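Both of the next two complexes hold chain A, though its partner changes from chain B to chain C.
Presenting the complex of A and B:
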């Protein structure tokens, strides 16, 4: 197990956006979190990554490589990133005026140690790290096929590339668990196809928790699926089980979910 | 009736032949004339109890408004339909100069520095003083550029940190006779403390709120300086602050000015160098990412509150140094020099030059510090000119006179294989 969410609730005023949700993610899996609009999926992500402090419940992360266990409640988003969780956002959040390469270099922030003082007097630590971060960031761009745009400002990228850059930047933080919030939203079919291939490639190194509305993609990629509706967990199972679940079908108002 | 309409149609069609902005300008001038009619044309003579109609002024307004807006629309039109050719003589020359600069960077720099260092020996003391104040403005600009240009934290009270630096040196010098070189780091330090004190409560705020709080802090500082008579000497300020020492050598008044000029120039160079080094580093990248998207920055593992504190501290440190330079340069400080207007002027330097751009800060300081010296007769209208200048800039060059050029990285095969 790499992460477990235990009895998580998030209340906004009178609205229970997340209501007593528990689930877990095993190492090496692709787990999908699906549900109609407003079900509370993004809120779960925000609680897990520390942007919101959950009203109840807790999240645990197990880093087997470093044999550490983190209780995420009370940790700030930057500490959670250091605990090796990374995420992307439903509405893309890039550093628009910085170059594509610099975006990824910021992703390496937690892996570097040099301080302001090192930069001012150019210590050997600073020089060494700047050299390595440049090379590392470039190879991440190659991995995500963005190297041609290395020196373009992120703002100028086409939409599909922006989505990919956001994943690349999260990947640079060296996560054990990557949380993707609707990565296929707004992509055309061929871009979605490429994204699926990318996720399959990523899965070999990183465990993935995915929110997605594109059902054919979810059915193809996910090992297990959790379905949320009105803040609660509605169902849980393999793609085949979910496809035939009556509750799930009615939650989606009879839309065929193997679209 | 229908004849009237067809006449109207015909005249409308006629009008369509006329360039669009001719009509627009006509409308603008008419509108302007109507608006200003009561104050410009109708003049009551109170002694004779009569109304005097200044029709001449009306003509002037009509004509001036028309000409002004015509030029305005023409400029807007040219800006929008600017041909993006790169073959003009101007751009060829510019390209060659840039190429030459790129290949002979050290030589060009050395020549430029030599010229700058020689200027005070050839110019009048008055002009040297003007240049010194412009260079102090550049130091301030470089500092505020870090806060606003890199960090994206709108600070409207920057002059307060400048004041803390200046008063630190002024008071240390007055009470204890401490010299400039010892006071300089102390000034920087006290400014950093002030910066942290302001930043601590406001790091959770963004944008407008931050601007308001820093503005208030700036005003509070000035008011304290004005009213804390026994400590700061109130509005009359501190007089007779020493010039920097040079191994105990006595300099002539002119020599002193030249010496200050050189000191300020060297401090400016050092500030620029440090700013550049910070910018292209791990920490500098966190500053910019914070400006671009705070939430994303947090999820990249950046400790946002600490980063904001650091930005404020670095900015305040540079302002403190500039303050000590200012105090030693003019030997006399009072709270007036650190009013809101000064903060706004420094901000204008940054915005006018181009956020994040150091050449921009240099040009902005020259525009706002040297040129106004030549416009002394227009003193009263200076603010008006500032405002107009900024509006024009925002429309025609929204990224500043010298917009920031992003660093691009070159990759060799070897690097990408590592």
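Presenting the complex of A and C:
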């Protein structure tokens, strides 16, 4: 197990956006979180990544490589990033005025050890780190096939590339678990196809939790699916099980009208 | 107006502009990163000048060579002012950083008043004589166009601009600053150390303001606890004119303001010296509120 969400609730005023949701993600899996709009999927992501402090419940992250366990409640978003969780957003959030390379380099901040003081007196640790960051950033760009655009300003990239860059920047923070919020939104079919290939490639190194509306992509990629509706967990199972689940079908299509 | 006279006025406007630029940098960098108009920033400029004068006084008892004395005094006063910038952020802004912007603004105004009155009480309400290290010695024979003090101010300003550009563009902390100013949430999510980066921004802004304070005092030859207020307001106008949050904009705005004041006082009347800045402010707010180089940033939802 790499992450477990336990009895998570998030209440905004009178609205229970997330209502007692529990689920887990195993190492190496692709897990999909699906559900109609407003079901509370992104709120779950925001709770997990520390943007919201959940009203109830907890999230645990297990890093087997470093044999650490983190309870995310009370941790700030940057501490959670250091606990090796990374995410992307529904509406792409790049540093638009910075180059593609710089966007990725910012992601490497997490791993760097040298301090400002090292930078001022240019210690060997600092120089070594700066050099390796540049090399590592280029290799990330290659991995995401963005190296040709390394020195372009992020805002000038086509939409599909921007998506990929956002994932690349998250990847640069060295996550064990990557949370993708609707990565296929706004992509054309061939871009979606490429994205699927990328996710399959990423899965070999990183566990992935994704929110997605593109059902053919979800059915193809996901090992397990959780379905949310009205803030609650409605169903859970393999893609085949979910496809044939009555509750899920009615949540998406509405109750059948009959007498 | 003769050409020589024109050039004199031009150079003097450029000198003013340099000083405004040194102060405006701090305003615009802090605004860029936490969307706060740091009204206490002008006070750092004033504290830079006061601490320099005090240090010169103390060090002159040690029988040091003049150059060493000035160098040490300048360095220490810069560090001291940077310490003020750092502390102001820690005490007055950090705790309420995520509160409404109005709270931050009021805290900044309070900080400004506090520092003015603190210097008033701890020092004096009257003008103090400041040693004129920067003499108005003409650099060229037969003409008055450029003098030594102006040349020093230009070179210092140019050097700082270059260093700052390199810093913001190429260093890791510079990248972190740009990332924070573009999208703070996202910067935090990719692991940018927010508090440290914001502290560094305040420190850098304070350093440039303190240098500005020292240069002006050494040129004019007197200081006063209230000197930071009007200089701060004008640098703020310059930052808004260029597009607040934009570093090249602040420099451009400062030079435009310096030249306007210089030509305005010459051609119209020196009684209106302080009016031009506000006319510019009103005009820019009506015509292009985002400033000359600023972009219209829509609020993120």
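The rule is short, and it goes like this: the second predicted complex is superposed on the first by the 253 of 259 C-alpha atoms of A that agree within 3 Å, B and C clash if a C-alpha of one lies under 4 Å from a C-alpha of the other, contacts with A are read in each partner's own complex, and residues count from 1 in each chain.
Rule of thumb we're sticking to: a contact is a pair of C-beta atoms (placed from the backbone, for glycine too) under 8 Å apart; a residue touches a chain by one contact, two chains touch by 3 or more.
Here the structure is a predicted model, which is why all the values come from computation and not from measurement.
After superposition onto chain A, the partners chain B and chain C occupy overlapping space and clash.
Look at A:15: by the touch rule set out above, it reaches neither chain B nor chain C.
Measured by the number of chain A residues touched, the leading partner among chain B and chain C is B.
When the shared chain is aligned, chain B and chain C each come close enough to touch A:130. In the superposition on chain A, contact is made by A:77 with both chain B and chain C.
Legend: residue contacts after superposition of the two complexes on their common chain; A:139 is shown touching chain B, with no touch to chain C. In the superposition on chain A, no contact is made by A:185 with either chain B or chain C. Counting contacts by the rule stated earlier, residues 49, 51, 76-78, 81-82, 86-87, 89, 93-98, 102, 105-107, 109-110, 112, 116, 119, 130, 133, 169-170, 173 of chain A appear in both its interface with chain B and its interface with chain C.
Remark: chain A residues 49, 51, 76-78, 81-82, 86-87, 89, 93-98, 102, 105-107, 109-110, 112, 116, 119, 130, 133, 169-170, 172-173 touch chain C in the complex. By the touch criterion stated above, chain C contacts chain A in their complex at residues 171-173, 175-176, 178-179, 182-183, 185-194, 196, 200. Of all the residues in chain B, the ones that touch chain A in their complex are 274, 277-278, 280-286, 288-289, 291-293, 295-304, 310, 314, 406-409, 411, 415-416, 418. Across the interface of their complex, chain B is touched by residues 49, 51, 76-78, 81-82, 86-87, 89, 93-99, 101-102, 105-107, 109-110, 112, 114-116, 118-120, 122, 126, 129-130, 132-135, 138-139, 142, 147, 150-151, 153, 169-170, 173 of chain A.
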